[in-house]
């Protein structure tokens, strides 16, 4: 470690001076924490308190321990560039959660003293991250998919001054929009279909010097990491190599196959088409009247069947709603009404979903005479050149309503995303095939692999993980661009069913994130949620037993395997969550500023009373996103909890290595509480599986505890939300009572 | 008091010895005390009210009002045409709005009017008497002229439907208009607060053709007035006044109630408060005599 | 005087809700300098007043915690609270904005210890809880407040109580001499993210929001359900504090209505479905929610959420726009009159509490922006680059749910960066 | 015209021949009009259902229904309709069309009263209240007429005493001067509308 100089500062403000013996704390920092020097200050966070620290930094202090308020308070005041700061939470974590009475003064002082010991121990073991030296600096952006979304991402990135490589599978740019005669209007007046503008956009892309376009091209291989993606493109048969810094996947969707809807006439009559089919008819007629496909007869009556094969809860068709099809049917009805008002156009719907200012588009359609009936369509049967649409009219409560003589029936089918391989199914098939023995599984794995879009060489699979119903969407409401493959952003209908207006806005956002990814990769900075963190994981190769647990459990697929099957870290892909560190049975993975040591030393630095003092010790490993803020706010509400707990914030419960548990129990802790966020379907963990993996690992701890004939209650995990301000103190007090019940840890004092 | 002049459209029920002659008498007395001059529209005709559709189509009904407006423009140029009856005001204003918004209808109407030697130009505004009181004179001015405050009488301000909807009075809410309550208080009387039947329809013309259905409404209107401790009901509409007053006997027969509440006009309240006699306020023109009001008038 | 360094390579973000914070963060984490101006004392906007999100039922403050930590750690973002942009001049690449900063009466020394609040006696309406509760005249808007600095209400400044509050602070953070000041800031591009405000329910006369105490709005119901709300998370009705077990949700309260808001506000259907689960969460099988709707607009995987709520026995869905509401003065129960258009029966349903799913209005309508900007009929700014270097973001451009507002904010950040990069390439 | 279910034939006929009929297509089926109508319970098909039946082409059922005759013209539906349909006027228009097509249910009281009211006012230019009341009482024959009159006897006398009922009106009552011009005007107006609305 470079000449490291640790200094401690104990604040006496906000009541700390009255409630605690800060001189004693300074002494502990000096003697036990072994810091260079410790100072007290009556108001550390104000101007001259901060200046005091700055002066000491100028004289060589590299690590600062601040015994004051929570790390979440006064963050700007106590942030010193290039210097590590450890915060001992004496205010929200100690005096605000303990009663201000003489009877409790001693245990409160012990609590404070321990937090000082823990912060000093942590500070001493932290190396100031300098950022990974060998990172890629490529700032070009690969856009996969040349539809409106892909082209928008390319143009917007180019307008910000970045080079773009655009790969389009088909022979021409434009995607779904090419199939449209016109599109739903973006803005006022919403009185009719508007030109798609796709031709102009395609021309702009072709003419843009920053954008290299490959049509009839697919991505055959993608390796590397943000800032140094090595991409192999199969351009019309000839391989082309490109290096890019970030990727936007905008591969759009295909329409649901109408042949799967025989009950709605799908595939039964040429006069039953889906919306894409109707657009084709309209383009063929090129503004003139559409003729009946079956016999070229005049079309006098058109019926639009909404939610065809969608919102289906029988499990056969699509369970979701694609959102764009109501407005599209209305637009298509206007094609007929604009050409000839005498044509009857009826839209049969259960919920007409045209949100926002599309309500005006709905009004315009009504004004043009498009009629809307709320009804559940039961069947569409072809008879001769016309179709009979049978439905239950929900307004007039008529079970056997019907339109007997529809010349044309348009099924509003849904969007099926082109998200490539479902890597969960692929991983399942891969493991079942256990390298070739099980032929069926191997075949299945191969079939899944062949549809891959990005063909990532990642150990965890060739494409970005899919969230639900095959869409590769972010699971988070506040963070639509939180992706599980750093530097690879999804845009448009591939991530969620949407119309062109939302897709182009989404594509612009994705371009923004791609640009941000290349800029951060160029300086080795982490992406969201630990934005700006310069640390990166390093492995002590000689200790590694190639058990591959880290490569499997990494939620972001950042770890591949080299030829000797050692873990190969791709720092730029890493989100610095520490799940690999938690997974490693031989504890050889760590970060400069967050390692087995920085956490382990905090646990072991606590002054452990012996079993006769009736002062148990309970370790709390708290996730810094949900549990720790909840504890903080419990302090702000002055809700008291047991004085024998010692809270160690962790980046994610996934980073908790089992050694922390064994160290804690060995060094005399009587109980360990692990507080992470909700896992399962509606998981809340911003590192995706952190709390779930921790929960899985700890389910094994019970056997080891039993083998050491320790009660299983010694270790307990909890799912905690940031709003559980009353619940968390209750959990602590209940747990402390349980520990009191089962008595002290027999290992105490060894 | 300000002296203002308006072209006056009384309507069929506000003629000598007609069903709301008391409204006419009290209106004239009120205007005289407020310095308002009313020039009756010469040779005005019926507006068709809201039941005319049983016999007449849209254009014939519009033309009925167009003729009145044309006569008013011709003889009382520059004056707003003011009606006291809700239906007359509504028919005139709606006709005016349609004629002014549809050149085709205006042309058709004028072809028909030519048969009566008239032409609709669209210069005269169609207004209700209550609008004149509130907008041209104003509540404070109305209150300042009160000589005999109507102490000790509690009125339920029953606005009804067509005076209030769809045009509204001085932009007030359709659900809870306050102008009539404020007028009652301005005259020194007490107004029932949150009278829940304030804007309920009395059945209108259907009180004649569907008595049973309308009398259910009338029962609610009167019952709620009693529940809120009102001594009398006051209303701006002659049809409401007639229906709520005349059918009390029928309602009592049908529902076994013992209603016997006087139903007055705002014009009667103002006339009495401004020192008018019982005769000037036409207090004799009621089936259920507004005794307390008469006492104040006779003091 | 507050000094702020800003050049025409700085991005000015107006509005500190989730859209403004996102635009500021995405640009700053891409290496650009940002000044974030927020009218309220703290960041977070409407999202910080939500208890849970649909469809995941997760907590908005969790995202707020992460965004606040990103802001605290990022030196490129300068936050100005209690600040409003009153004037904008110049053009794309070279704007000057006048920013009026109202006095907070508390300076940087504030440690958030709360002693000043102990000393204060006067209570003022709690804006964070839509004035449903009260707070002391010296207050911290919420537990998640960032910046974590107290605020002293102008009503006590210059009074003995003001002096008492000032004396209570050990760190002379209370400065009663603070005056309103106006700064002139340079900016290359402006992201306008002033968000939305709930439509004034009192304007919907037949629903009597201004006459009946047990008729409240969806944003107010959200506060009742929030443990940090005025009732500590208990669903109690205003008239008599009774538990609101039988709740009615009225959709399209103001929206899709030519007499009020022409547009559909998009979020209110799924928000009401979410709020039925609050009633279920609090009262279990005794809960009864009824949603009166025209169309349930639950798009993409919100349909799964809608299916889940439909399966909940405690929730009934009635396709009808309620015609009129009357509150029984004695019992306090609210009776809803209308017709169920499916199968045609007339109802007069009684409920404990009525929640109006009011829609969104832009909090600063197009005309209110102190610059030449194009807006639609509802006053939402037209997104994209039609307004020179001023880019609408989030709910200032359209009635959006949080997810789409953040997408829009991220896109507007790129548009601002495009302008800045051009200015930089010219000026070097 | 045959009843073509769920075709726009009847909707187009309403748009052409009914007052404000062009707005029927704008209804979004929210139900606020049906819920707001004070006589709502007495409508076999409240306004919103009528609009849906028009779209569904149920011409016979709509025109022969007595629903639109239940409209008291109280405008509660108009001020609350989120699409601003002039519902009251459309109901009047549908009623008038039903009348011209002879589809009004036999003995529909409001239809009869409406016709009496129109005939009464067009004779002299102003309503003769006495004759109107008498024609209403005697509309179902002489015997029933006497019974109705006797039932309302006390009211009649009360009004007479209050000077609000003039028995002499039986002779002629109020009238406008230019009766001939007035009646010619109405005749011309009817002709114009009948051609424009294909009612003749």
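A, B, C and D are the chain letters, set down in written order, and residue numbers restart from 1 in every chain.
Assume contacts are C-beta pairs under 8 Å (C-beta built on N, C-alpha and C of every residue); 3 or more make two chains touch, one makes a residue touch a chain.
Note that the structure is a prediction, hence the values are computed from the model and not measured.
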{"item": "Chain C and chain B - chains in contact with each", "value": "D"}
{"item": "Most distant chain from chain B by Cα centroid", "value": "A"}
{"item": "Nearest-to-centre chain - CA centroid comparison", "value": "C"}
{"item": "Of C-D and A-D, pair with higher C-beta contact tally", "value": "C-D"}
{"item": "CA centroid of chain A to CA centroid of chain B, Å", "value": "67"}
{"item": "Between chain D and chain A, distance of the C-alpha-averaged centres to the nearest whole Å", "value": "64"}
{"item": "Centre-to-centre distance between chain D and chain C (centres being mean Cα positions), rounded to whole Å", "value": "50"}
{"item": "Chain centre separation in whole Å, for chain C relative to chain A (CA means)", "value": "24"}
{"item": "Interface hub residues of chain A, defined as touching at least two other chains", "value": "374, 395"}
{"item": "Chain C: positions in contact with at least two other chains", "value": "206, 256, 319, 341, 344"}
{"item": "Residue list for chain D, restricted to those that touch at least two other chains", "value": "28-29, 49, 79, 83"}
{"item": "Graph class of chain-chain contacts, one of line, ring, star, complete, other", "value": "other"}
{"item": "Pairwise chain contacts under the document criterion", "value": "A-C, A-D, B-C, B-D, C-D"}
{"item": "In the complex, chain C residues that touch chain A", "value": "18, 25-26, 29-31, 47, 51, 53, 56-67, 69-70, 72-75, 109, 111-113, 143-144, 148, 170-171, 226-228, 256, 262-266, 295-304, 307, 319, 341-344, 376-378, 380, 382-383, 398-400, 402-404, 406-408, 410-411, 413-415, 417-418, 421-422, 425"}
{"item": "Interfacial residue positions of chain D with respect to chain B in the complex", "value": "19, 38-39, 42, 70, 72-76, 78-79, 88-89, 92-93, 95-96, 99, 109-119, 121-122, 125-127, 129, 133, 136, 154-155, 158-159, 162-166, 169, 174, 176-178, 181-182, 184-190, 192-194, 196-197, 199"}
{"item": "Contact set on chain C toward chain D in their complex", "value": "206, 252, 256-259, 294, 319-324, 337-341, 344, 346"}
{"item": "In the complex, chain C residues that touch chain B", "value": "205-206, 208, 211, 326"}
{"item": "Touching residues (chain side chain D, partner chain C) in the complex", "value": "28-36, 40-41, 46, 48-49, 79-80, 82-84"}
